[in-house]
Amino acid sequence: MTEDKRNCFVLEGKMALPNQYFAGRLGSRFIIALRDKKKITGIRCKKCNKTFIPPREYCEQCWTNISENWVDLGREGELINYTVIRYGDRHLPRKAPYILGQILLKGADTPLTHIVEGVDPKDVRVGMKLKAVFAEKPTNTILDLDHFEPV
Amino acid sequence: MKKHQKNRNVAIIGIGQTIMSSHKEDQNQVEMVQEAVINALQDANLSINDIDCIVHGNMELFEMQFAPNLWHSLGTGSRGKDEYRITTGGTTGMTLVCAADNLVASGLYDTVLAIGMEKLQEGNTTGGITNMADPLWFRNIQTGALTGTAATEMINEFGEERAKRAAIKYRIMMDKHAVLNPRAHRRFGLEYEQAEELAATSPQLVGELRLIHMCSQSDGACAMILTSEEKAKKRTHKPPVWIRDHMQTHREETIPNLFGHVKPELTHHYCARKLYERNGITNPVEYFDVFEMYDPSAWWALEWLREFFLLKGDEHINMLERGDFDLDGKIPINPSGGVIASNPIGATAMLRPAEAALQIRGDAGAHQIKKEVKHALASGFGGTYWTTLMILEKDLNWQEVDND
Amino acid sequence: MTEYYGATVVDIFDTMPKRFKPEEAKDVDILIGYEATGEGGGMWTAHIKHGTLTVSKVNELKGCKTTIHAHAETFLGVTLGKITAIDALTSQKLRVVGDIRFLMTLLPKVFVPFTVIPKKKVLKARDILVTMESLFRPERAEGVTMNVGYDLTGPDCCQWSLQIKDGKCKVREGFAEELTVKLTMNASVYTGMMTGTIDGASAFTSGQVKIEGDMMAAVATARYFHKYTDPDAKEAEELICLRVTNSIEQRFASGPVMGKWFAGLREKKFLGNKCPECSRTQIPPREICAICRIRVNEFVELGPKGTVTNYDIVYFASPDPLTGAVRDTPYAPIYIVLDGSSEREAFAFELKKEDISRINVGARVRPVWTENPVGSFKDVLYFELDQ
Amino acid sequence: MTAKKVAICAVAQHKNEPDLWYKRFQGMLLDVLEDLRAQTGFDFNEETGVNTIVSCSDDFFDARTISNNGVTDVLGGHYRAEEKMAQEGLNAIGYAMSVILSGHSDLVLVMGHCKESQAESRNMITNMGFDPFYGRPVGLDYLNSAALQARAYMTKSGLTDKHLAGIVARARQWAAKNPFANAREALEEGKVLASPMLCDPLRQLHVYPVSDGAVGMLLASEERAGEFTDKPVWITGFANCMDSYFFGDRDLVSNFALKKAAERAYKKAGINDPKKAIDVVEVMDAYAYQQPMWMEGLGFCEEGQGGRFIDEGGPGEYRVNLSGGMLAGNPVIISGLYRAAEAVLQLRGEAGDHQVPDAKSAVAHSTTGAAGQFHSVLILEA
């Protein structure tokens, strides 16, 4: 069918609403430890013998409350996967190109997805040893651990 | 009208709620959802492994969380399970129960967990609701769900004094119910002696719709577990509550054409009429023992009681004045305190059948009504006057009754 | 002064000048009165004028444009966000006389929120010592027999002993008869060590702690007890909140039907459409008649005048999701059946502000257009009474 | 599965376009509705017509709270029941089937729409699919999530940049024959290989193009299907499955959720060996690497053998994505509806230039969430 486009136009607008998100008691402890003590913490399920990061109240595998089992994780870890973001959208925290990686911290069983800096995108490789660099200004998010960089 | 015949009967066997509140800074969305899920599992004496399928719903633009069930899966326990995410605005909560009912009745799943949630503290409620209007036209005019038109119409029909007195009486009655419900959000301890003062001095929101008349904005979640007749009958933990039938009636997109010179038949009236017809219910006020109604404001509640009960003239006001809707009245309305007291939007319409089911089980605690509850009605409201109604039964005997 | 939620009403007003944001209050000129009733209450005024703020303790609220009344406890609860303002307003525990929009818009804009840093209760050595029995770890003290004496000096001086014997621990005031080891220190050093603010090893090294008797026993003591935690510390816990305005730009399509409507507006015409089956008019026009479920193609010009069928006078200021800005109140959307429309098909638009007090059902209204309509909802400024 | 059967009586697709700037959702759906009614003659009569509608759309993509309220009129939802599957289109079909099997309705209209072109960036929307504290701040979205999965899967399965180019070129060859596809112009492998990196290892042409579209279907009970079509297509199996939310909790290349969903759907349909039982496959390959990866999850390709699968002509052998697939462009929310629509056309022998002979059974697949957190599988038979 032929479309009648004579009167058609596009109205530029936006969808904008204010939000306030709560990290919860558990999340707050995790973020405050990052922010104030430069400490990365995980939560351990003793039953499944696994240490998780980011924190969660219940182990998804065995559905037990693990929220009290905090363990300190190392500030160093290994890059196990990555991508180089080369497009620019407003939700991205860095100017492209930047590296988003999965980092397995010492003492953790689940890798953390985070930003990797201090290495040229063409030199980044799986298996690199990385260390945490903490933010100077608090953000009250995971970005209180600002990024990872090569050891 | 064609008779309604389910493929198999479905029972509610688990009900879980969080406390409704405007302050849940100590929980993130996942943790709040999980609290309701765990409460429902405990109520049903089941483990998460007994659940075959999850049905999740809320309104994305309140929390501004896209496809929230993906993140919430940590708390709903859906990893490895089937899941559906179904939303219909304000009616979402009850639509989820309808969907769970359909999924069990279909034979595809035996045990389904429905979860509705909202954390309104994390978003802007009125702005979020206003966002439902067309961006090209009307979004510039709509003010969330706030409207004084029901008040204007009732004042015109019943006189200013009687209408205002009725609205405030309904409101205080709801607070008296809410005070007895430890999970309700707003429990003020209002007294009927305050009626006149409240009606005159409560700040005006829109026309005669005052702050005191309007529902709350709450955080909270509600979860319900439904299972097949076969499985329900094998259980001894708590008595099952049967879902007899449900009906949903949506309406066209525009709101202004509800306010022309002639009023169309309201969806509430249409939905109730059709649902009673196909279930052979001729006198709803006599048939039902309790009604959990989605009452976003005292004015709407009053107007709608007439619609849902298919009443004429001022019968509904008479009933209110006589005390028929009180906790120990002829047909108690909202023993839970209703939406006026607690309104976590994505869960609100699920709280209606959940609370109605608690009444049937005799499990509602301090807000349990005195007489035996055999037949309960629950309603949901949303969109541009969308209605959902559900009939809950204590005994699995309506098929025989119908065949007479 | 009576405290609620760890602060007093006076604290709110004392901190007001520090929390004031003059740059946000440039165009404001207002005198706000506050009355906090009950214990710990009082009356204050805050005068905000062109970027300045004067806070005064007063005996009566005179000449205030807006006054706020509440019990001191509600006052603090709302100010600290422990009680939701809307709930307090609804139950009338908080009353606002005058323009309620303040609470919604002005105050959060011109003041940094009032917060209390929870005061740490001054922890005494006694508070800790009385909990030691419950912190004892018998599994680690198997076969251990010892008496530890604490001679605590300073303003909170006291003497205590811990007796460990047969897998049990007893704490009592005063010294036991035979002390394995005696530790002498200022009571504040003891509480500091127990709560982790003072490092035990350096306290020994620096001589803050004097040891008499079996030194090894003194060092081993800590092993036999769980770590002490301050019960008040939990209440002071910070719960993280992240405030963001999420905003995504949109390109809303008009499509041919709404496109035609806007083309009509450019010529100062209301172009509705008419269902070929039931003949109802729709305004603004829609692609389909929802009742007949049939495509609608015929356009008809409606109005421009019409009759008011219902109206809303809105006092509540809500954000406009199209812009994110807060709306100016009061405003009044009115429902109008335009001349030539089907009797059910009302059209909604805003009424001229000056006409709000005179509006009634049945009133005749007419649109007021902008000079140069461009095809937008802004082309009609408002409807006004047609007299 | 219960003994009763549910039929898809008709499908209608709006052509996928990169930017339908001249059309509202309402106009798109009205075209689809008219097409369906012309095919079947159904109406909305209270007793005998459609009185339940299952829609599929999303509040974020529509920038509208209760997105289904914006389109109630064109869904025929006025004074009828309507429920929105806010997740993904294929689930709308699965759920609509359950509504019929439950005895609640004997006719259900399924209608889905989405305009990816409306928002400034679809990646901004999918970024908001992550939690506010751990996921959103680092910039995660569905595109970079897929890139992380792509690297892991390519390492595991021996899939190369050249393989990906081949998958895209083949998709375009088929899309050229599908009048509803978005990107229909031919594309040589070399051009794919030379397209710029978007999110390593994903190149621009490995990623499905921004698309607007709408799809409708009429489902009926076994008793009533005959009133609307001579060529009913039967739903014989449906299932879906959720995986963990945090990437760290998942094995990104294990196909955990898809394998479970497929296993459950095959079981319901009584299928033991999909390679033998299925004639046509439609997978939601939003990114080129996903085609072999999902084929692995669906049981057509050996574990970790995605590279070999492509080398040995697996996509041709199993008749994968003869519509051009998602790589030719569908909106993410309703790709599953397009997959199922194509499968239905194949089984009815109505697929035109891309018709394969003797198609008797088909599988349609869809996924949602980052890096395939959630999968759905639908089995159809002629």
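Order as written gives the chain letters A, B, C and D; numbering starts at 1 within each chain.
In this section, a residue touches a chain if its C-beta (ideal position, glycine included) is under 8 Å from a C-beta of that chain, and two chains touch if they have at least 3 such contacts.
Bear in mind the structure is a predicted one, so any value in this text is a computation, not a measurement.
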item	value
Touching chain A and also chain B, the following chains	C, D
Pair of chains joined by more contacts [C-beta pairs], A-D or C-D	A-D
Farthest-lying chain, centroid of Cα atoms versus that of chain D	C
Interchain centroid distance [CA atoms averaged], chain C/chain D, Å	43
Chain centre separation in whole Å, for chain C relative to chain B (CA means)	27
Approximate Å spacing (C-alpha centroids) for the pair chain B, chain D	34
For chain A, residues that touch 2 or more chains besides their own	3, 5, 8, 10-11, 13, 15, 17-25, 27, 31, 60, 141
Contacts with two or more other chains, residues of chain C listed in rising order	239-242, 244, 246, 248-256, 258, 262, 286, 290-291, 319, 321-322
Where chain B touches two or more other chains, by residue	25-26, 28, 30, 61, 64, 74, 79, 124, 127-128, 130-131, 135-136, 252-253
Parts of chain B lying in touch with chain A, wherever the complex brings them together	24-28, 30-31, 34, 47-48, 61, 63-64, 74-75, 77, 79, 119, 121-124, 127-128, 131, 135-136
Chain B - residues contacting chain D, complex	1-2, 4-7, 28-30, 54, 57, 59-62, 64-67, 69-71, 73-74, 78-89, 95, 98-99, 101-108, 128-132, 134-135, 247-253, 267, 270, 274, 382-384, 386
Interfacial residue positions of chain C with respect to chain D in the complex	240, 242, 244, 246, 248-258, 286-291, 293, 295
Complex contacts: residues of chain D adjacent to chain B	1-2, 4, 46-47, 58-60, 63-66, 68-73, 77-87, 91, 94-95, 97-104, 125-126, 128-133, 135, 238-246, 256-257, 260-261, 264, 368-370, 373-374
Parts of chain A lying in touch with chain B, wherever the complex brings them together	11, 13, 15, 17-27, 56-58, 60, 63
